[in-house]
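In what comes next, chain A is part of two complexes: it sits with chain B in the first one and with chain C in the second one.
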Partner chain A sequence: MAPLLNISDLKVTFHADRTVVHAVNGVDLCVDAGRAVAIVGESGSGKSTVMMAVMRLLGRRAHVSGRIEWDGQDLLALPERAMRQIRGRAMGMIFQNPSSYLNPTKTIGEQMIEPVLFHRIASASAARRQAVQLLEQVGIPDPEQRLRLYPFELSGGQLQRVMIAMALMTRPKLLIADEPTTALDVTVQAEVLVLLKRLQRELGMALVFITHDLAVAAQVAEEIYVMYGGFILEHLPAAELTQRKAHPYLRGLLGSIPRLDGPRTPLPFIPGQPLDTARGLPEGCVFADRCAHRMSRCAQRPPMIHVGSGHRAACWLAEEEVTQVWP
Partner chain B sequence: MAMTRPRQATELARMENLVKVFRTPKGSLVACDHISLRLEQGTSLGLVGESGSGKTTLVRILLMLERPTSGRVWLNGVEVTRLSERRLKPHRRLIQFVAQDPYSSLFPNLTVGQNIMEPLRVHKVGRAQERMQRAMELMERVGLSTYHFYAYPHELSGGQQQRVAIARALALSPQAVVLDEAVSSLDVSVQAQILNLLQQLKDEMGLTYLFISHNLAVIRLLCEMTAVMYMGRIVEYGKTDDVLHSPSHPYTRSLIASIPSFTDRGVTPLPDLSSLAGERPSPLRLPPGCAYQTRCPLVSERCRAERPELREVASGQCVACHHA
Partner chain C sequence: MLRFVAQRVGYMIISFFLVSIITFWLMKAAPGSFLELNLTVGGVNAAAQSINVSPELMRALVAQYHLDAPWYVQYWSYVWGFLTLHFGYSMEFPTTPTLQLIARTFPVSFSIAILSVALAVVVSIAAGVMAAIREHSWLDASTMFVATLGTAIPAYVVAVLLALVFGVWLHWLPVIGFQGPRYYVLPVLSLAIPMIGSLSRYMRNSIIQSLHAEYIVAVYAKGGGLRDAILRHALKNSLIPLVTVVGPHIAGLMMGTVLIESMFGLPGMGQVFATAASRRDYPLIMDSTLLYSVVIMLMNLLVDLLYGILDPRIRKRGYAEGR
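Coming up: the complex of A and B.
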């Protein structure tokens, strides 16, 4: 079966006055229908830009190349009118800060119904009934009354639930969630994650979860893509994250996260600073200047090398049976 | 109770029965509800709780940026609650502050060096030459090249900016540093570097931290004691290891279960939804009795009627719960 979303060799550059920002540098990413996929990376790694390119929401300053196939169509070649039929309908999106994406002058109800009317999916009254039902599903008590409220009258956690319900109004095949829980308290985050996961399973919807938090990614997704400097450095099943991680960057990241059960000794960390994509790209491996395992070969950029089933890493070490090299 | 024992020689700060009420158009908001807490030299304290639980208000009172509605604050045995601003100033040097977002907490129009020297200037410490030397020393101490002395904050990375903020907090050689989510906005690889720095400074300079964070794994690295706040009240207090490994309050338990974290066996699973049920009460209309009753799986009649007081359930571990 063809994947729902198939991104190949996606490149995005932003052109400012004198500089060129190489935000995404040849990303291959694939989402099957009903799958939960996470894109993990630090700030500036290009993880959001990839999905913004998929939604075609990058402005004119962005130069996008490569191929984005959605349900067999080439999204980058699609006229804007046709794109509007997909965006917000078959592809839903939720963001980090719901209060800045909701219209403060319209009630929750008006905003929930809008996409249904825009896409002429159902009548206003049917949409209203659906909104009530969805609010109930996302755990908002007293939904009929809440529909009449304005965004400022709800808490951050409730707004994020409303955002999720709103994105589900059009029964999307894919939900893109960009750091949806980063601004929330841990207990609220857990609630929203449990909810997202449950809805994704029940509705058979694919999920692309963008986050900087590896632990959250491992909880929510089945597959994880790790990005750095606009490149995908590793793609692996979530279940293999702790045991079979291959790339030194991913190893470094995992090692630097303080654990509830770890020793209280100083944390291992990745020396140096994340790659600045505004300063041009290195010839070889993007991670080489921070890597403890750098060798002469790293002057040449490694391709994605097969490590195991559904597991690839962009590191020359992966060629030499990673498990042998690492303790 | 452990927190209100008579003052000892090592006591840095003591807060007794602090209440802070904010009047709002919709009613009174009790941000701090009878809080008593001690900060002892060399014993760092972690403060956890969700947003709106009163952590920041408590810290603002400790820093004397906010006067309590009632209750008293001592710094090194001197009661500072009602001191005038002029007489308060020498006490302010003892406790310094590092905020979450390093960039917005630095002066954008001052160089790195000037930012670090600013507290020295305000408190009239040393001559210009000495201040400069001190700032250079501090930069080295926090792992910043003195090459950045004349740089402006926006020219530095987030991690470097946080190092500047830490250097500035250390300029007056404080006894204690309040860190409000000081590593939360940093990327993990950078966060580890700053955590290591904080650990190292604590050991070398004998600093005491009051560390506000939602990340218990981070608190565990830096703090010997932990206090858990909920709706303006302290619901659990004890040694960090005890709070983490044998949490007694149902809220602490749900908090720990909610933290996504890695262990030897992989990632912690998403918690069971039933442990997360219930709505948070409006802080303007807290129910009588226990504030956690609306979400608590153990709730009983007594919880709805009678407010649980903080009491010692095990050596040094205090819990405000009828069922603990």
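Coming up: the complex of A and C.
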């Protein structure tokens, strides 16, 4: 079966004055229908840019190349008019900070019915009824009255639920969630995650979850893509996250998650600075500068090497991984 | 909201008395009175003669305006007269009550001011939206060039230019006098054009700024286009800062009409105001100044209430917080 979304060799550069920012540098990413995929990376790793490129929301300053196949058609070749048919209908998106992604001067209801109106799916009153139903589904009490409120009258967690409900108004096949819980309190975070996961299963839609939090990614997704400096360094099933990771970067990331239990030790961290994508790319491996396992071969950029079923890593060490398991 | 209005009305009453005291004091501080101006030449009789009234009437006038009474009695008689709409009689035109003078001239000035503001706002919004949609295009550049030109040229130069082109060369519109709506066109345009200049530039930048907000990204993500983004979202939010700029314009215009009225020979209040000041026509000065101040304060209150209509955050919090 052909995947729902198939990204191959996606490159995004931003041109500003004299500098060129290499935000995304040849990303391959695949999402099957109904599947939950997470993209994990530090800020500036290009994880959001990839999905903004899929939605074609990057603006004129961005140069996008490669291929983004959606239901058999190349999104990058579509005229804007056709793209608008897909955006917000088959593909929905929610964002990091719901209070700034909602217009402060329009009611929740006015904004929620917009996807339906923009795509001429139903009348405003029918859309309103659907909005009430969806708000109930995402756990907002007294939805009819909430529709008449303005964003500043709701809490951050409630607003994120509204955003989710709004994205679901058109029954999308794919929901892109760009750090949807980062701006929320920890307890609210967990509720929203559980909600997202439940809705994804119930509605059978695909989910791309963008986060910097490995633990969250493992909870929500079935597959994880690890991004760094605009490259995908590792792609693995979420179940393997705790057992077999091939790339030193991912090992470092996992190592730097603080633990509440056990003896207190100084927090391990990955030394050095994240790659500055505005400065041109290194010849070899992008992570080499910060890598504890660096070797002479790393002057050459490693390809994605097959590690196991559904598991690939862009590291020369992964070649050995195939034969010999990490300590 | 009721509390807000009550509070504002309270401020207005305080301001009203401040304005009246300052006006009264300045008026008295100016050398010479209407009567003295003539008296210095030849006494009460001469003064009476020069304004064509009998010495008896002159003395009656002195008594009526309490010109021989202490200042607070005089002051209060003006203010009380204004408040109770017993405006009294002009000194310059002793047979005409000031109320009648004002009633005849104020509507002309007021309608010119309001019409030009309305025209300026409508045109500026349209021009601003157009320029913002085509940001950095030739349309944007040329609209903004014309707008800059409009800002740079003062109203009285625009007035001369318009009179020359449409009145003298093309003979399309009357240049002087007041006998119907056609006589409004050039004065209103002369006042509106400089305003359109600054307001449309402001509107354009405001819309462009709104378009860079994150909620606009969300509009696109929902499948909306630039049209939806501007008409459904950015426009309304850009009007909020515009109101801030239009408010003072309205106040300024109430006085700005004076020059334009005299250029186009309109029987507006500007002329009444100017002669009253130079002739020390006390009742007329007091009444017209107080009227202007009340109108300007009411306009400002209206503008502040407009914020609430545009911004639910202000409305729902009962106008409690600042903008």
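Observations, loosely collected:
Heads up, the rule we're going with is that the second predicted complex is superposed on the first by the 322 of 327 C-alpha atoms of A that agree within 3 Å, B and C clash if a C-alpha of one lies under 4 Å from a C-alpha of the other, contacts with A are read in each partner's own complex, and residues count from 1 in each chain.
Everything below uses one rule, namely that contacts are C-beta pairs under 8 Å (C-beta built on N, C-alpha and C of every residue); 3 or more make two chains touch, one makes a residue touch a chain.
None of the values given here were measured: they were computed from a predicted structure.
Superposition model on chain A: chain B and chain C are shown accommodated side by side without a clash. Counting the residues of chain A that each partner touches, chain B and chain C differ, and the larger count belongs to B.
Contacts of A:Gln219 after superposition on the shared chain: chain B is touched, whereas chain C is not.
When the shared chain is aligned, no partner comes close enough to touch A:Glu283: not chain B, not chain C.
Of the two partner chains, neither chain B nor chain C is touched by A:Glu144. Judged by the touch definition given at the top, the superposed model places A:Asp74 against neither chain B nor chain C. In the superposition on chain A, contact of A:Asp9 is made with neither chain B nor chain C.
Smallest inter-chain Cα distance, chain B versus chain C, after superposition on the shared chain: 7 Å.
For chain A in complex with chain C, the touching residues are 55, 57, 84-85, 87-89, 92-93, 95, 97, 100-107, 114-115, 118-119, 150, 152-153, 163, 166, 170.
Residues of chain B that touch chain A in their complex: 50-51, 157, 159, 187-193, 195-196, 199-200, 214-218, 220-221, 244, 254-264, 266-271, 273, 276, 279-280.
Across the complex, chain A meets chain B through its residues 42-43, 141, 155-156, 185-191, 193-194, 197, 212-216, 218-220, 238-239, 241-243, 252-254, 256-262, 264, 266-270, 273-274.
Taken together, the chain C residues at the contact with chain A in this complex read 213-215, 217-225, 228, 232-233, 236-237, 240, 310-313, 316.
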